[in-house]
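This is the structure I have questions about; it appears just below.
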Amino acid sequence: MTTSPAALRLLVQCPDRPGIVAAVSRFLFEHGANIVQADQYSTAFEGNGAGRFFLRVEFETAGLDLPADTLAARFAAEVGTPFAMEWRLSGDHRPRVAMMASRTDHCLLELLWRWRRDELAVDIPLVISNHEALRADVEAFGIPYHALPVTNATKAQQEAAIRTLLRDAEVDLVVLARYMQVLSADFVAEYPARIINIHHSFLPAFAGADPYGRAFERGVKIIGATAHYATHELDEGPIIEQDVVRVTHRDARDDLVRLGREVERSVLARAVQWHIEDRVFVHGNKTVVFR
Amino acid sequence: MTTSPAALRLLVQCPDRPGIVAAVSRFLFEHGANIVQADQYSTAFEGNGAGRFFLRVEFETAGLDLPADTLAARFAAEVGTPFAMEWRLSGDHRPRVAMMASRTDHCLLELLWRWRRDELAVDIPLVISNHEALRADVEAFGIPYHALPVTNATKAQQEAAIRTLLRDAEVDLVVLARYMQVLSADFVAEYPARIINIHHSFLPAFAGADPYGRAFERGVKIIGATAHYATHELDEGPIIEQDVVRVTHRDARDDLVRLGREVERSVLARAVQWHIEDRVFVHGNKTVVFR
Amino acid sequence: MTTSPAALRLLVQCPDRPGIVAAVSRFLFEHGANIVQADQYSTAFEGNGAGRFFLRVEFETAGLDLPADTLAARFAAEVGTPFAMEWRLSGDHRPRVAMMASRTDHCLLELLWRWRRDELAVDIPLVISNHEALRADVEAFGIPYHALPVTNATKAQQEAAIRTLLRDAEVDLVVLARYMQVLSADFVAEYPARIINIHHSFLPAFAGADPYGRAFERGVKIIGATAHYATHELDEGPIIEQDVVRVTHRDARDDLVRLGREVERSVLARAVQWHIEDRVFVHGNKTVVFR
Amino acid sequence: MTTSPAALRLLVQCPDRPGIVAAVSRFLFEHGANIVQADQYSTAFEGNGAGRFFLRVEFETAGLDLPADTLAARFAAEVGTPFAMEWRLSGDHRPRVAMMASRTDHCLLELLWRWRRDELAVDIPLVISNHEALRADVEAFGIPYHALPVTNATKAQQEAAIRTLLRDAEVDLVVLARYMQVLSADFVAEYPARIINIHHSFLPAFAGADPYGRAFERGVKIIGATAHYATHELDEGPIIEQDVVRVTHRDARDDLVRLGREVERSVLARAVQWHIEDRVFVHGNKTVVFR
């Protein structure tokens, strides 16, 4: 599943109709692209009438007969437009990812660790928090840390400052690694399907606040975590990944919090990994994930 | 985890206070009971003030110095009443279990199979359905099958007929193995913590109708099933067991139904097994399960 | 994931080189095949030099401009031979599957159940056993049951009789659903990658006899089951699917057997399902499984 | 499952016979101990003749009528010796744990993280490695780091130096967090059931070197990790905990290594947690784990 360094990814979605794969693969072949992995899916098979087609192709560029930008222009003219595709080429630059967290360290440190171990092939230009608590940890990784405290009165202003930081850093993705402030609809709209949040329950169960406390009260035998794209509706965005862990009557609320931490960090790490490898497509309020 | 044939179980719950285990174990020891398994739990450790204590003791009866009924009377006087216990002895008769199902066979057949294979140590005096569909399957196991069709107009009358059947059969437990009719509050009240239902979602997610359809619409990556005691509030009773299975964007609603079947039947089978082995205690709207 | 009735599958493996997908998809498109699902994999990315390419394409046949056999001949000439492919078209007939079992019913009944529920789209012309024990169960499904007892002295003769039965029934697949006799190398060679066996451990742990007893002795905390293609080397064939279940110190050998049953039957059922849907490719002693 | 600060644990194993629980619970009750959790197990129920009994009792000490050491002496005389118990009181001091690692950081950092987050209630007087690689990470936690390089020629001498360090630090437990040197039988014998090792496979599968490479070659669909007590026989000690993760044909050897890391660290962390909470009893080559 490793991407070779001199590889690009072609990411397509369009109305399903015959000939898409033939057109794409012929185009790539004729220009010397060597396909190393391809995944496709069409919602036509869900039986809801006209389908939507999704395609992810990873190809080596060593034998290309054109530079990437010319290839892209030709693809647009010969394949993309005729098939009414939304498409893009990816892989020519390392994604720039901002992390945001509040006081809880486990999700953030999990990601930084993986990043330092070269499991997460991104640049992390900054970490933003509404607290000072995590500064030393973050700076130990050599990453700039911005603490922007927030009160009800300063919320709009603090968010504006965050958005300026993100714009200046030219980030491709924002990861909410247990950032406990609700983002405004405007903020979310600026990064469509580019803000990943971790919710500490297996949504749609226990949407909202204190999921572990409510899971304890309800007496569930399984708890979980959900990584999803942030949308203007809280906890309602497209789900990327979920996982669960068993609990018993012996586990008090604090035990659920502790056990949940492990699920939260692995679920969030997988979602971020898949996103930056361009494995996640959004379709309505759902995701197609090519693993 | 096998119960030896000449064994009894003492099941206790009471306000937590020092000396309970000492009193119980001394009583049993002095009367020649050989304890082979014991489990206990107290909610005191959840930090909500006064705790509730739960105890399950399994003991061999070969060396008892008293017959079981005399032992019980002595226990009541010397231990049960002083400690304000709700308690009972169990294991002296094979539980009588009625199964109820509608048209779907997988949960019912799973249980009948396990029963025939002697994994489920119960008698099954009857199976009740609101359809004829499962008659041949059930009768092949040598179990009487009662089909009581129901319409809105005949609902009260049909339920009365069911309750008469259950009373005549002197059942200890009713298992709703995908019985798709809501039971009246009166019915449920007649069998407190003695009706086990299987719900085809990981409650509290997708409580109510068509959980697989709604799971598909929401785009969850995990589906599940929940076995719980029926209460007058639909899908709100104490949860006994839950389990889950992964799904992907490729799984249409029908795939979820198919994948869910396997989880439903194993979750229900475990819940029934634990119930008839007296491993499940109800405390408020939660369960303590000694596995 | 459902196959539409008027669909075929093209199954290909060949040396990896550029242009395979372009050639296949162009051929199918030009003849009016509508691709509804496609999966591919190449071992080139494992970094062992020249790769092997695997492709599974499912396509609707309503718009084909040629009958299937002519299409196949043209494919052979224009694509299959030039690319040195091993390939076949599948889906034009319902697979014929023979089940073999000894005295244990759980794996066999699981498969028959799924078959009766139309989850398993196969014909089952016969069940073969070396015992009479399962006759009533099997015949209740309307399937002929052949009991061929075996002793050391009659082993060769009994196996010959089985092979005649299988040939006469023209089976595509043999499922060893806990058939406890070792098959001869000749038998296995007659059905390459067409005999699926279930082994009651997570191979390679506890290969050979009494895996549950040895798991108990070793004190493992997880037990499992493995479905694999039978080869002349016992328990060494390509693994199709595995799964596991947790156990504890409380579980005696018999508990492991009981808990293992559930894993065995679901693992075997998945492996058979994937095989008959042509999702499993064999490559050396490993499998590629397109789920 | 949290231990209250003023609590002790009584840990017992002895030949099983009637009256043990009665004697222990009476003794504790009469001396004012308030039992907050108790777990017991007897191998008698495995059906191998005379059983071995295991008991873990956690009790609050606020109401004790004697100091702990007097209580212990009285317990020895009145209960321990009469029942031929191996027993001890635990909880009066924070366990001292040495970590050992080579170059791989994930297991070590996982434990240090949990320790800093107060999930792991131990003191960590030192970390020992045969490399310098992890010094900065470890020292950032404020823990002394000892790098003792080793060659074939210096192995005995290096091990002697390690043992001196451990003795000077008065450690209760040694955790081999991916320490890639084999320890001598003498070393292991000095810390019976007090050295926990993590093996990167689901033992007994792939015991020995390069388990991920061999798992890749064998084509298994599940990989795992095993935490066990070190004994003089490599990879053969009593298993404390195991866990697994699914893999597919797409996962190359390096992917298995990466996926395995997550299992390794959670399995090792759970094993260490349970050990320091005195939940693990060793019986022959197996463990009883009271979770």
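All chains are identified by letter, namely A, B, C and D, in their written order; residue positions are counted from 1 within each chain.
Everything that follows uses one rule, which is that a contact is a pair of C-beta atoms (placed from the backbone, for glycine too) under 8 Å apart; a residue touches a chain by one contact, two chains touch by 3 or more.
Computed from a prediction, not measured in an experiment: that's the story for all the values here.
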By CA centroid distance, what chain is farthest from chain A?
B
More C-beta contacts across A-D or across B-D?
B-D
Please decide if copies chain C and chain D contact each other with the same set of residue positions, more than half shared, or with different positions, and reply same or different.
same
For chain C paired with chain D, centre-to-centre distance based on mean C-alpha positions, whole Å
42
Cα centroid separation between chain B and chain D, in whole Å?
36
Chain D: positions in contact with at least two other chains
1-2, 41, 45, 250, 252
Contact set on chain A toward chain C in their complex
1-2, 4, 18-19, 21-22, 25-26, 28-30, 32-42, 44-45, 63
For the complex, give me every residue of chain D touching chain C.
41, 45-47, 202-206, 218-222, 224, 238-244, 248-250, 252-253, 285-289, 291
Inside the complex, what are the residues of chain C that reach chain B?
1-2, 105-106, 109, 113, 117, 119, 140, 250-252, 254-255, 258, 262, 266
